[in-house]
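A single structure is presented below for examination.
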Amino acid sequence: MLDSSRYPEKVLPGDLISPLYDIDNNNEKIVYSFHPGPGTTITKYKINSQEHKVLIATLKGFVHFEELVKTNIDSEGKESEKKEENDTENKNKLADELEAPEVNSDRIIKKYTVIVSKEKKNEMMQDPNLQEGQQDEVNNDFANNLPKEGDIVLCKVTRISAQKANVEILVVENNNCLKDSGVGTNGAGVSSVTGGSGAVTFFISQASSDLGETFKGVIRSQDVRATERDSVKITECFKPGDIVRCKVLSLGDGNNYYLTTAKNYLGVVFAKSLGGAGELMYAIDWKTMIAPTSQVLEQRKCAKPF
Amino acid sequence: MNTQEKQNTITTNQPISFPPEVLARIAPDISLQRHLQLGLRPCLRKFEEFREYRTTDGELSNKNNPCVLGSNISRLGEMFVITTITGGIIEENMPVTEIDTVKDEIPDFEENTKGEVGFASVYPIVQVERGRVGAPTDEEMIVSQKLCESILNSQLITNNSLSINSIGIRNAETQEIVYDSQKEQNERKLLNNRKWSYVLYSKQQVFSRNSPIFELCLNSLVLALKTVKLPRAYIDERAIDLKIPIRTRGRSANIRESYDLNFDINERVPLTLNIANIGFASNFGVIKVENSNEDPILLADLESEAEESSILSRISIISTPTNKGSATTNFKSIYMAASGDNVPMHLLKRALEISCERTNDLYKKLSK
Amino acid sequence: MNVQDRRRLLGPPNARPVAFSKVLEEPTEISNVSSNDKALPYMKMGLLTNCNGSSYIESGDDNLMLITSVYGPKPIRGSFTSKAVLTVHLENSIATANNSDGSTDDGKNFNTSDDYKDLSFFLKNIFDSVVQLDKYPKSGIDIFVKVVNTDSANTSNIPKLLQMCCNGILLGLVDANMEISDLVGIGIISHECCVSFIKNGLEMCGFWKMKDEDEQDIEEIVGKCKENYLENKYLISSYLNGD
Amino acid sequence: MVLSVTEKSYLRDSLKNKDHFLRPDGRNYDQFRPVEIYTDFLPSSNGSSRILASDGTEIVISIKTEVVDHSLTKDLVSIDLDITGYRDDSAYVTSIRSILSKTMKSKLNFTKEKGPKEKSVLQLTKKYSFKLYIDILVLSNYSYPLSLISFAIYSALETTKLPMLISSEDDLEIEELPIFHDYDMITLDFQSPLIFLVAFIEDNVFIDPSDAETQVANKCLILTWFENKISSPIRTVSLNDDYTDGFTLLHLKESIEVVRKCAPEVLRALKYQ
């Protein structure tokens, strides 16, 4: 087990946390290899014209060591594969670096991801990869929660066309709400097209959310549902103003994230009837919603409400 | 996919739910209704409760910034505004006639007979800090205009209080400035009976905007105006005789006044305001709670995105405090837009009542 | 340039700002310098609620008040960028006499918008080297620094201003939980020279010297600035730790 | 031209090595690119110059003067800078303009003689001074032009002809406008500062970086050469967002050395024509 008391517990940006490799105090054979996670990075220090690579903190907070692989080298292959499914980017890059020490047969290598976060140790260890279940706690650590591949996001539909629906990403589910967007920062909710921020347009198909600037996304018609992808009619799935739960497919191009709703639990969660003028509707099956008092039925690609 | 299935079995029985912060972001109107149904507001205040108002006067108008004639920092909950007032002068286009000289000699005469004196305003620029640069937003423009009109209509500043009635003369040798009304009468002749008056500008920077800003801006502006001290103007003794119109270089072809008025950094006169007309503003919203057959409810001092974007029926009231002398309150301005739910009579009355209370409360607090 | 601004209420066009003839340089300035080291700045994080990070700094000695706000990461338009674009806007929000954003002021020593833009550019360069921009793809990080109050006599003290701005931005970034590789800081020695350091003074990331003074060896300058930087860094880190 | 990631890394590798330092155009670390300068070709201005760099950068400078009452006018230098392809209010242009105008202002107030005869270079009589209008037009711009602009200003000022004063210098008591000679001109007794740009990559320091080199440099240092010594402004600029490593005292010292070595030669070359 890693003796984390050897390393600082509370850090400020720029503080040294650990070298990239370290040897266990008691057992020479155990080598710890540290990898930068959120809130840490590798930097070079030059001391006496010799370069040393070390891990430093980039956030203010508490240091956590998360073991990447629980067992020794034998089962390492399987384990890491499984992990990589969930968290892709960092570890691929590191894979190369890992190769070298693995050759040394009699040493046991333990890999740790070093994380700096605002919370103290025990408070934060909840599974961050929950896909469907809901967390009650909202993680307000905003900056490190930009939408990334695989994230579930909640969006508002801003405009639709035959091929795609354009949306604004409001929140990454179970994560932060960006404080700096919203009516508060961009002036009063209603403003005219001319002058000023002019974020609001009068076209019904372009109902903007008055939310300042948000990350934009696009749901292409073939990403709306998993079956009969070619016969999707966007107008029967979304209407401007709907709140949609989507999954991020990719970072997309310069303007848009690519999103999908091709899962049961993805789709419209909130919609109002009659193009936003009516009342809140409820899903009765996966493609129909009903307004409770007026009994208006409308077509949507609904998210499973349970 | 193991985990996936596990998730499904766990969650099948519970409906989809969102944490309050997320719901407030994705569906502010629903979030607001849920709160109101519980008898709460999203900001956790009571329906008719205002946020705390804190203020600091005149801190930014010090020796180091002589250009700042008056200032105020007002804080309403988390939102705050920094108001600074600067000045300019303008030469009044007054024909040099005999009537003017008569008026000058008998100043009382003018006020008594005329009765009605013109009123002046300030020229405000409102900036909401929002992480953007560039042209002002609609809100900023609208609020600036409203502030300008409100100050004018509340008859707070008379034209007289802004006009420069006496001009000092700086002795060329001793650099001393003399404000001598006797001597000045004579000099006035030398100055060809030209008249100047001050123009007031204000700059208001709103930080942490989380609610409508007009009321806070107005209150802060009024308080800042109370602190304004106008620097006295003087003229160089030598310059009095000089009468060369200077053409300013460049594109503007204006002829600058030949008298170079200077301002005395040490000698300042407080701006006289019509104290009786000082009014404070408060705002209200009216909204109907869904799933209840009751009348709409009145919310004081709107705050947060949810309230602002879903409550479209608004009332904004400027009222003067009840003074010792006059027991009645004067309403300086009432603005109502029922673009959302209808506003019933009793709520409007209630709003007026509350606004009086609020004004009196503010006045008491601020005059301490 | 010459188009009249119709979006703001600028008042009568022929008005002239109330301007004061130059204030006599008060002899208190010498005592100011000596007390420079003692008065501690007042710092506060999280002043504003509608941005992701903010800070307020009031330097102890010369009434310099700064409000820093950090916005972002927010989306940027145009082509895909794999890392964030950082911008710094330094603004003097003290009302200038003519009331139009300080852009058309005449003749003051240091107030022109050009100069402020230049300082912003310099600060941006410093923070480019510490903010972990590649963690924020497709986004922009905007930093606004507003000078709310200052001794007008001391506006010419650019290094001091830069130092305070640097501190303010740093606290803002920490408040926003933005990933930064170091507590960058600026050390000053005089009214004309400052150096910004990272890695406890092992490396520099900015150098600023705009006016000649008495002959000084570069080594001496850097050495003295480093001392000042370490003092300043101590202040910042003890504030952050005490928080 | 914007380089691709691969090109950048190739270029950086060839520039960062101390032993196999190789610049894309084969220059030495202290070697300038050739420039061509033409002077005095604008008949309607007091002084002018045009500079052509080997990478195609072309700058035209015109200097005009005006006689002003220096008690009324605070700035005796006015600099107008226009760079093709950049907005006037972009950080790039404003930063260069701010550096230039501050440098010129501070250097022109420089006085050689101390004591009662002390006066600035531009002072004409006790009441009047020349005011310089320096208009800079960067026609085509392939690398950071600050250094070249300072060379061009130098050459332009060298050839600037000012009318010769024939009235009395002491006009404080007597109200009198300065009177000039009909055709005799004098030159300005002033050596304009030269601004040098030095780039850092890892441990290497080299002067006059080209556009490609600035794209991979960590930081660039601006140094000024005035009155035969290093002078301010000295400051850093970053000309790219990709490489932002810090630098050390060694870099500063080396760059000062390089400028010390190059500046007299550059000055001689500029004087020669």
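First chain written, first letter: the chains are A, B, C and D, and each begins at residue 1.
Going forward, contacts are C-beta pairs under 8 Å (C-beta built on N, C-alpha and C of every residue); 3 or more make two chains touch, one makes a residue touch a chain.
Small disclaimer: the values here were computed from a predicted structure and weren't measured.
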item: Any chain that touches chain D and chain A; value: C
item: Contact-richer chain pair (by C-beta pairs counted) among B-C and A-C; value: B-C
item: Greatest separation from chain B - chain, by CA centre; value: D
item: Most centrally placed chain - per-chain CA mean versus overall CA mean; value: C
item: Chain B and chain C, separation of their C-alpha mean positions in angstrom; value: 29
item: Inter-centroid spacing, chain C versus chain A (mean Cα positions, whole Å); value: 33
item: Distance between chain centroids, defined by C-alpha means - chain B, chain D (Å); value: 48
item: Interchain centroid distance [CA atoms averaged], chain A/chain B, Å; value: 44
item: For chain A, residues contacting two or more additional chains; value: 180, 182, 184-185, 195
item: Residues of chain B whose C-beta touches two or more other chains; value: 130-131, 135-136, 141, 209-210
item: In chain C, residues with contacts to at least two other chains; value: 7, 49-51, 71-72, 74, 198-199, 202
item: Touching residues (chain side chain A, partner chain B) in the complex; value: 129-138, 154, 156, 170-171, 173-174, 177, 180, 182-189, 191-192, 195-198, 210, 212, 243, 269-270, 280, 303-306
item: Interfacial residue positions of chain C with respect to chain D in the complex; value: 83, 85-86, 106-107, 112-115, 117-118, 120-122, 124-125, 128-129, 133, 192-193, 197-199, 202-212, 218-219, 222
item: Chain A contact footprint on chain B (complex, rising order); value: 3-4, 7-8, 10-19, 21-22, 24-27, 30, 128, 130-132, 135-141, 209-210, 212, 304-305, 308-309
item: Chain A residues touching chain C - in the complex, by the definition given at the top; value: 10, 12-14, 39, 41, 43, 45-46, 56, 58-60, 118, 141-144, 146, 178-182, 184-185, 195, 213-216, 251-255
item: Sites on chain D touched by chain C in the complex; value: 74-75, 89, 91, 94-95, 97-99, 101-102, 106, 219, 221, 231-238, 241, 244-249, 252-253, 256
